[in-house]
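Two complexes, one shared chain (subunit A), two partners (subunit B, subunit C).
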Partner chain A sequence: MAITTTLANLPEALLLQASGRLDGATSPELEKALLPLLADAGSRVLLDLAALDYVSSAGLRIILMAAKRAKQAGGRFVLCGLQPQVSEVFEMSGFTRILELAPTVADGRALLAG
Partner chain B sequence: MTTSNGSVLEYRLSAELTAIAGLAEAVTAFLAAWPHLAMQVNLCLDELLTNTITHGLKGEPGHEIRVGLALAGGWLEIAITDDAPAFDPFAEVPEPDLEAELDARTPGGLGVHFVRSLMDDYRVVREGGHNRVLLRKQLPDGAPAPH
Partner chain C sequence: MPLRFAIRSLKARIFLALAAILLLVACVVMVYSLLAVRASAIAAEERSVQNVLRMAELAIRSEYHTLLAGKVALVQERKARFREFDRVVLQTLAHYQALAQQGRLSEAEAQALALAWLQKIRPVGGEYLLVFDRDGVALVYPEPALLGTQLSGYTDFKGRSVVAAAWDEADRYGETVLIYDWKAVGSDRLVQRYGHFLPYRPWNWMVASVGRVDEVQGEADARLAQFRAELARSLAQVEVIGNGAVFVFDGQGQWVVRPSAANGDIDAQAQAALRAAAGNRATARFRGQDGRAMQGWATYVRALDWYVAVSAPEDALTAPARELVTRQALVFAGGLLLGLLLAWAVASGIARPLVRLGQYARGLAGADFSAERTQTMPAALLDERQDEIGELARSFASMETALYRNVRTLLAVTGERERIEGELGVARDIQLGLLPKVFPAFPERPEIDLHATLVSAREIGGDLYDFFLAGDTLNFTIGDVAGKGVPAALFMAITKTLMKTAGESCATPAAAVRQVNDHLARDNPNLMFVTAFNGVLDLHSGALRYANAGHNPPLILRADGRCEVLRSVSGPALGAFEDMDYTGYAAQLQAGEWLLLYTDGVTEAMDGEGRLYGEARLLAQFAALAPQGSAASLIRALMADLALHAGGTDQSDDITLLAIRYLGVDHDKEQT
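Right, the complex of A and B next:
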């Protein structure tokens, strides 16, 4: 199982949807798809993980890089749609406290529009 | 290569990151009665194997890792055997600072933290030039016995 990413333009943000398995073998693909979106000052990115079945610390490393990059560039980085087993890994890592999370894409858009 | 008789799973994989997803499928099937436990076990195996493959073996080809799972007396017992240089992640990898703010957070140590958090017992022994990582986890209450 691999990872697939799809990019769309929303009025509030760029929406990147990731599906499949995010681990040491596939995290370079997310890194390539996600980090350039946060390169410009003030970039707004919504990462939808509703179809992501699995994440390991290798995937969390990319998420952390993205959040730091957004903060440094004065942008916003919001994640949404975490499945329970993915949410559990975020919680064990203390990431739910330092990241902006929303239940659904609609909630994430509302957060970014505000 | 996989053998499974319901209470024991023996799995051999080449030491490559892309081989871990296949192991995860075999573990999910072996622990089908406990999907949440299967996810936790797969996370621990993935983290430990990824460390061994990328750091211990430095991606060198031609190595094999053996993973054994056994159900016995209400416990799941796991053994991971590799031929990387001697390494004990539980002794050598510090706990991450989970309270740090975003700017100060680093991703290091999270994988070993997951194993410490999710398993009831974890240790490494060195045997005949191999690391043997031994993990134990109590099965959930009311667990059906393996057939």
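Right, the complex of A and C next:
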């Protein structure tokens, strides 16, 4: 019922790894960890959700906000490593069309590097 | 019951505790002093008894020695007197002989005169005067019949002839004293006598002064009897504890000094016990005649073969100790009474402020904390006492202050909350008022059977549904705003309104959702979004056109029992990004087929262990329940199954269900 995040500096981007559940109760935590990373112009952030088991609509909102910030700041925000049940939520909500997604961290880094 | 209540009170407990301590101390001291005093009293009594015995013994011994000495002196004195008397007699005889020598008298005349004189005199302190010649012929004797007869038949205590022994010893020593048995004057009974024998040699006469031995013994016995009487008198005056007696008995068990009448219970058995005790100076124990336990002590005077003894009842010996303890008990009882009064006062002193505090606390319990304070803590408790009770009183006072403060704060907060809850209630009414709730919704249109329900997790929620007829088409929408509470409810209201407007003005669901998305996204800083499904069902043909903006895929139950899931997604949820394109889709419903729309509150409803209701169960329940009845009964049954799954777990998300059964036109015609 909780979420934990770890941040790493990669040459091409900041890598934030989230694990646990992302729902109405835990989304403020991700918001605090994720949004500041995208404040700077041109910032590149890779969010690895490989260890995330569940995402709710409130969690989706944080992801959307991150994507919007990145767009406004001229940066890039890429999601990677979505588990099937998480990916399904993204698919269903239709947000896969407006978010940049990559299968793995390596793919995400390649995407950001290009 | 009143007793139990009394013991429960603190005052009574303190009092009882103090009383118990006092009683315990008193008992310990009394028992100890009883034992100590008893032991020392008995020891003192025994000492005094031993002293009495010792004094009696000493008195007896000294008197005995006096008696012995007196007897010896008496005999010596008699002897001296007899000797003196005999010498006087001899001088007189010598005088008579001198008369004969001078020639005034003849020898025979002188002797006859002398005998006549001798017949008339008696020795001082003696019985009679005896004169006999060398042949043992009696010349002077009180009995005239025996004059001129032989006296040689009398023997002394050594068995010699008295006459022979007298002459023999007088010849050797000049004079002698003999003790012998001689018959009494005027009878043949033998009486022990003693005599002083002095010879008058010129005439060969033996002059003897004779006395009775029993006269001397009698005098000694008289003195002894006198001593006994005196002893009895003086012993009677000796006070022995508890009517005890001092008495004397001899080795044969004969009384020398009888015990007083009150102590008539000294029998042979008691004497035996006392005799045994006298040997080792021990305490003799025996039973009195009435069964009383007696104690006695005795001492033995060997010279007289006397036992001097003291005895007393045992309980009398311990009486002083008992008396002392009784007095002590009285003193203690008095002290205890005073102590108890004091204890009562102390207990009351401790309990009184507590009782006042208790009254105060009861007042506190009944106090209206929202009003002004009605009672104040007595200053005597609050300020003057520095002990634990004062501390308690101050705690009470500060508690009361805190209670007043907290209750007022609570009232303010509660008032605020009630106001908010009231407003939320109004908001809920408004929100629910936005939704169509009259069922059956379209009784005039037999082509469709439609039912919907919305259950918010909180007072107001973010789910929505809507449906309306536009000509021969049914426009219906279901939506779910991300998030909950007031923001979600506001967003829901906007969406519902926009959706209705768009549905009425736009040609297709895809165009409608695109228009709504643009409206919502235009000014949406918080990036609120709403998933929505909008469909338009042609009531004539059963043709369905729809657009799904990121909402849970609706379900179709075909006439043959198959279940289909409309997984096509037209575009992202509404409100997130502007200028999104939405794809329109189409499906075909045959008469009797069902369409079920729902929000994720249904599929993500959790049971007690966090397991989700799930799409699969919804599908199965839908397929099983729908054929059995109307749209309303289907939704009731699905809600019941949801409740069964949740099993009392709090609902975490809004739940919305919208069921539509297309009944077809032909069916309508058949009915009419």
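Everything below uses one rule, namely that the second predicted complex is superposed on the first by the 114 of 114 C-alpha atoms of A that agree within 3 Å, B and C clash if a C-alpha of one lies under 4 Å from a C-alpha of the other, contacts with A are read in each partner's own complex, and residues count from 1 in each chain.
Convention: a contact is a pair of C-beta atoms (placed from the backbone, for glycine too) under 8 Å apart; a residue touches a chain by one contact, two chains touch by 3 or more.
Nothing here was measured: the structure is a model prediction, and the numbers come from that model.
Engineer: With both structures fitted on chain A, tell me whether subunit B or subunit C touches more of subunit A's residues.
Structural biologist: B
Engineer: Based on the superposed arrangement, let me know which partner A:Gly114 touches: subunit B (first), subunit C (second), both, or neither?
Structural biologist: In the superposition, A:Gly114 contacts neither subunit B nor subunit C.
Engineer: Which partner does A:Glu91 contact after superposing on A: first (subunit B), second (subunit C), both, neither?
Structural biologist: After superposing on A, A:Glu91 lies in contact with subunit C but is clear of subunit B.
Engineer: Applying the document's definition of touch, where does A:Pro11 land relative to subunit B and subunit C: first, second, both, or neither?
Structural biologist: It touches nothing on subunit B or subunit C.
Engineer: Contact-wise, after the overlay, does A:Arg21 reach subunit B, subunit C, both or neither (first, second, both, neither)?
Structural biologist: A:Arg21 sits against subunit B, while subunit C stays out of touch.
Engineer: Once chain A of both complexes is superposed, is A:Lys68 in touch with subunit B (first), subunit C (second), both, or neither?
Structural biologist: Touch status of A:Lys68: both partners.
Engineer: Could you say whether A:Gly42 touches subunit B, subunit C, both of them, or neither, answering first, second, both or neither?
Structural biologist: neither
Engineer: Considering each complex separately, which residues of subunit A are in contact with subunit B in the first and with subunit C in the second?
Structural biologist: 24, 56-58, 60-61, 64, 68, 92-94, 98
Engineer: Okay, in this complex, where on subunit C does subunit A touch?
Structural biologist: Those in contact with subunit A are residues 480, 482-484, 527-529, 531, 548-553, 569-573, 576-577, 580, 600, 604.
Engineer: Where on subunit B is subunit A touching in the complex?
Structural biologist: For subunit B paired with subunit A, touching residues are 17-18, 20-21, 24, 36, 39, 42-43, 46-47, 50, 53-54, 96, 98-103, 105-107, 110-111, 113-114, 117-118.
Engineer: If you look only at subunit A, which of its residues touch subunit B in the complex?
Structural biologist: 1, 21, 23-25, 54, 56-58, 60-61, 64, 67-68, 71, 85, 88-89, 92-94, 98-99
Engineer: Of all residues in subunit A, which touch subunit C in the complex?
Structural biologist: Of all residues in subunit A, those touching subunit C are 24, 56-58, 60-61, 64-65, 68, 91-95, 97-98.
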